[in-house]
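Following are the structures in question.
In the two assemblies presented below, chain A is common to both, partnered first by chain B and then by chain C.
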Partner chain A sequence: MNQTQTSTGPILTTDGIPLKVSLKKAERINKIRAFLLVLPLLAFILITFLVPIGDMLARSVDDRQINTVFPKTFEVYKKWDRQGLPSEEVYKTMFFELKNSEGYSVGKASTRMNYSKSGWKSLLKKSKRKFKKIEEGPFKEQMIAIDKKWADPEYWLALGQMVDPTTMGYYLNAVDLKYDSSKNIVQQKENRRIYNKTWIKTFKVSLLVTLFCLLLGYPISYLLATLPMKYSNLLMICVLLPFWTSLLVRTVAWMVMLQQKGVLNNLLVMSNLIADENRFQLMYNQTAVVIVMTQILLPFMVLPLYSVMKTISPTYMRAALNLGASPMHAFYKIYMPNSVPGVSAGCLLVFIIAIGYYITPELVGGKDGQMVGNWIAYHLKTTLNWGLCASLGAILLAMMTVLYWAYNKIVGIENIKLG
Partner chain B sequence: MKKAIKAAFFGLISIAFVGSATADITFVSWGGAYTASQQKAYIDTYSKGSSITVENYNGGLGEIKAQVEAGNVTWDVVDVLPDQAITGCDEGLFVKVDQSEFINDMVVPPVSDCVVPQIFWAYTAFYDKAAFPGKKPKNIKDFFDVKKFPGKRGIHTWANALIEMALVADGVKASKVYEVMSTPEGIDRAFAKLDTIKDHVVFWSAGSKPLELVSSGEVVMALAYNGRIGAAILSEGKNFEYIWDATVLEQEYLVAIKGGNEKEALEFMAHASTAESNAEQAKYIPYGPMRKSSINIIKKGEPWFITSSGNIDILPHMPTTPKVLKRAVIGDPVWWADNGAEVHERFGAWKGS
Partner chain C sequence: MSQKDSFVKFEKVDKSYDGEILVVKDLNLDVPKGEFLTMLGPSGSGKTTVLMMLAGFETPTSGEIYLDGNPISSIPPNKRGIGMVFQNYALFPHMTVKENLAFPLEVRKMEKTEIDEKVGNALAMVELQDFGNRMPLQLSGGQQQRVALARSLVFEPRLVLMDEPLGALDKNLREQMQYEIKHIHEKIGITVVYVTHDQSEALTMSNRIAVFNDGKIQQISSPDILYEKPNSSFVAQFIGENNQLKGKVKSINGENCIVTTESGDDIHALKINVNNNGDGSLVSLRPERVAINSSENFENNFDAKVKELIYLGDHIRSRVEVCGNDQFIVKIPNSYKEANLKEGSTVKLSWKASDSRALDLN
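What follows is the complex of A and B.
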């Protein structure tokens, strides 16, 4: 009797709480526990990955370095018609803002202004020192007397690029464009157009490296997966040994091998295959970068390929052969499609690592092997143009995201297999 | 047992406190023979209580700026190039220094208020005597003349000093180089001169590379840091010869990083920049001291350079002797701080085209 009565109401636990509520509670505790377990990792990713990337993206458009130092100058500057030289008012405002500026703000501002027009840096420094002696106007003539750069409209026009607190200027710079004084987008001066070429080169080298890694890695992985254990273990060590060797050691070893008076060229000359004066130029150029990077990144192709090929049952191939397929046909129809997840994982991995490579191009790149990473390093260390670094980095990131998205659309990310 | 652990524990804590009473200094420099010379000349002899850890870096202000901006300064004293000394001081990355002790004793005035003098180093052309059995290259014109002296040239991957040398090779007087470089036509002229050797160059970026290139015969002549050439001649017995023409002299300074152990850093820098310390360093590496009185100390003390087989005269290997200075270009860091980025981009375009 009792049983039938309770069946219409909610099911209760022994302490009289409805079972649903009790279950929810238990689940919630489990959820919190699970969340707490992943919390360290989440915090780690947030702090070491997402925050820096966010900071980088912010830096790539931030242009407040000088707006905060010369706010009034920019107010009057906006009224200037960009013809000839600005009025006495602009000079006067600039004069007082520079003279009365404190601390290191001018130093930072001048670094930024120097990106737009070389020469601002020393101009501001020298002027600030000499302005101390000047008390009253007219300021235009006195400033020009201190340094004739003040009479060069190009310097004033360059300020026009910096009137807003945010800028796309760094992104433009990263693709060989720039703002003119009225913030129209124009091409960079011809002899400074360097980044588009570098982008193309970076892509070309990364694609070639990926291709060569695949061509070389596929047969190795096939052997690794199909040879009897005792041989395949030995082969595996041959793959892993270089992987464990320092990157620098391997790069330098290639230098010894490939340079004009190096091992390879010497052997060719000694065996009379080439004449002494026709030695191959295999080092300090793009060819060298492709060769060395292929060798260095090969394990990143072999390992995912191997782990996928290992799971392809040999019976598939035997069945295909049994059913009358020629070995080539069976390989093409059965083995290759089964190994695609490994191929895509390997290619994606190698390409992503290659596109941001820095140290190998730096060492063996010579005249035409420099990649985007080398320019980022240069601006990061030498010119301190971190805005440009950030925009170059952000473009790289965007390219990778697009690539990942396209890959996901075409092949499907769930088809990637690392093991 | 418990007592022992307790004692050890408190012992450790007290050591930690003693350690922090005189803060340690991290001294950051370029590594190799150069850092070794600093170590012997004035780090090993420093006895003010701070213990000094030496680290290496690859130049540039990137790491320093990152440390100061993040408020996590782990470097205290850094060995920097002059244009970085200017930029870093302007941007407030370095501590201002009292320069009264040495300001009147300098070969050239210090580039900023944040520095103490270290050395002059130089970009110099050199060759292996064996590569030229007959006529030998004598000046920078010969370096740029691939008809008269066929063979490859080793040059560095950045524009500094190359522009200056190219102009001198094109007939500009060494003292007028920066005047010419300040005009757009001047830069064009330098690149036109560089064009003449473009198909004959091998680029290097690490300081030891040009020596290898010349030793192995990969190139017949190269530009290199004079100290590296000197070390190869003096310590390794290489048969190299300098081309002391259009040698580009660069300054090298020590700075203290803002937010580090500033007091200890400045004390150490005062010790490292005495005339004696500057001269002492030349016992181990042939770079030129920046203080006039250091050069006098060396002159009196010759043979000054220490090798395993006795001492050798060092002045012939120095870039600051009157003979070299007469034909040298004194690098202008202000010009490079202004124009470095633009010229370097153009140089990159030139290299790749």
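What follows is the complex of A and C.
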């Protein structure tokens, strides 16, 4: 009788409580404990990582700043038909809002306005100073008298880009595009196109670094994985040694090595391989960036490769030889396919780290070796154009996500092995 | 065995890995065509090293190996045309079963149709026709074993080596595979060199067994001779169950001798490898050759005390004390007349002099 009950209804424990309920109850305490164990780290990551990233992403499209300084101006501006010059009313509200605003907020707003049309900043600065003498209207003529730019429709049209609280302007800027005065997307002027070149350069350098890391790391990992333990441990320490040295120290050491009067060039000259006047230019260019970053990122390639190769049984190679394959053929057909998870993990890791690299290009890259990371730092610290920083960062993040997604599609993320 | 019969020949082969210890010492071995030869020995006895030298993964430190009359030491493993089944099968994990089987044929640049046919035949031979498109890891241990076997045979090698191929299987499957390998060998008549440390495996499958110990072949002969006529105490102990009685040679008379145990009992035995009076000797005797309370007149008759009886279904294994040895085992068939044995009782044991072998002491 009992049996028929249990076979139709939910399975019960001996106490008569449904098994699932009972199981949940028994597991709950474990779940709570697990959650409590990760809670500090979770909070830390949330506060120091996710929130700032979210904030930066928001900044990449945020355009409210100017609206808070000239709210009324924008109200009346919206009614303007964008033909000729705006009406007296627009000039009037602009006049009062500029005159009565604080210098600090005008500074910030004018910086933003300058991104749309350079010249705004000086215009506002000059005008605010001179507006003190003007008491009553009509304002249009008086403002034009202070500075002729007030009569240039270009400036007024540029203001139209800032009407909305959000903008794609920073993103356009990050790929050498901009809005023209009638809000069409156009290319930047020839001499201001710098970011596309930087993106290409960043990709090129990252790809080269990944390639060289793979070429250098694959044989070493193979050796590590096949040597007897006592030798492979020593070799492993050599591979990991760079990890224990400061990144800065290593980079500076490379500067000593590679500069024109540096160790490498001196050795080549001393051994009469090159003439004294033909010293290689190895420092402060892309070559330097690739060389130094390859050395720095090599362990990130070797470790995943090694951990995968360690699991490839040497009997596979023996079996392949035994079945008649030449050593090369056996390596190509048997060993390499089995090492693919390590290769892809290593390449992905190195590429992702390389694409956002900052300190090495900064120190050894010179003018030619600057990468996207350097521009982000530049705008963050020097020009304070955080919107552009944020958009550059967001594009970088998006590219990595796409890469990761593509990788997952092609190789499968579960195939990745880091150790 | 004449020279032309020996398909595989080891001539004075030594092997050392570190220059200090010889793992294989002065190995001379002939394997005729079509033979199933098993190399049996404890781990570290050098048997796998011999196999690896034959496959080409190790080179002999001195001496030469001949395959079909030709020296092969300088031929790389991929040119030797020897099939091999590895301990853990070594099936390529990124290839399907069919691709695994086709691999040796593809490297030999065979036609696609020919490859398909041979792969099909090989799969049929091991009865895995429906598993061709599976990945090796989707197969059970026994199936993987069969694929490995089929792969080692698919390119029709002259010689197949097997390195403890059944070691990873459970007992029932192992026994089943033993028969399958034996039948395949009989069917296609290929020469097989098989390495194992499992003596029942060796006894089941082989034409001849070479017992290895300490880098040397201790004895090489057919399974029955090896079991019944071991010529050293190592072989006697290693193959099958064995009683050993320790003593000194008292007198030698032609093929026979008398060994006196420490308890003062004289045992009549065959003289195998003792030479002089006064030599230490272990007399070896199979448990099933000992009769209990027998009326027949054997050379050796002793009173023994029953220490322990273990019921094993088809027979009763009894441990008795005789001639000063309390680890002496007697197997008593489980039939009615022997059933009234009691622990602590005294029985009369007897055996023939020709069943007890006076061997070396080591």
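By definition in this document, the second predicted complex is superposed on the first by the 341 of 419 C-alpha atoms of A that agree within 3 Å, B and C clash if a C-alpha of one lies under 4 Å from a C-alpha of the other, contacts with A are read in each partner's own complex, and residues count from 1 in each chain.
Definition applied: a contact is a pair of C-beta atoms (placed from the backbone, for glycine too) under 8 Å apart; a residue touches a chain by one contact, two chains touch by 3 or more.
Just so it is clear, the structure is predicted and the values come from calculations on it, not from any experiment.
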Chain A as common anchor, with chain B and chain C clashing or fitting: fit
Cα-centre angle that chain B and chain C span when viewed from chain A, reported as a multiple of 10 degrees: 130
Which of chain B and chain C A:G84 touches, first, second, both or neither: neither
Contacts of A:P228 with chain B and chain C, given as first, second, both or neither: neither
Contacts of A:G103 with chain B and chain C, given as first, second, both or neither: first
Partner chain(s) touched by A:G16 [first = chain B, second = chain C, both, neither]: neither
Which superposed partner A:Y115 touches (first chain B, second chain C, both, neither): first
Touched partner set for A:R193, first chain B, second chain C, both or neither: first
Touch count on chain A, higher of chain B and chain C: B
A:I334 touches, of chain B and chain C: first, second, both or neither? second
Where chain B and chain C come nearest after superposition, their Cα distance in Å: 46
Residues of chain A that touch chain C when the two form their complex: 313, 315-316, 318-327, 329-330, 333-334, 337-338
Of all residues in chain C, those that touch chain A in their complex: 55-57, 76-79, 81-84, 86-88, 90-94, 103-104, 107-108, 151, 155
Residues of chain B touching chain A in the complex: 58-63, 65, 87, 89-92, 152, 157, 191, 201-203, 205-206, 216-218, 334-335, 337-342, 344-346, 348-352
Chain B-facing residues of chain A, complex: 103-104, 106-108, 110-111, 114-115, 118-122, 125, 191-194, 197-198, 201, 259-261, 284, 362-363, 366-368, 370, 375, 378-386
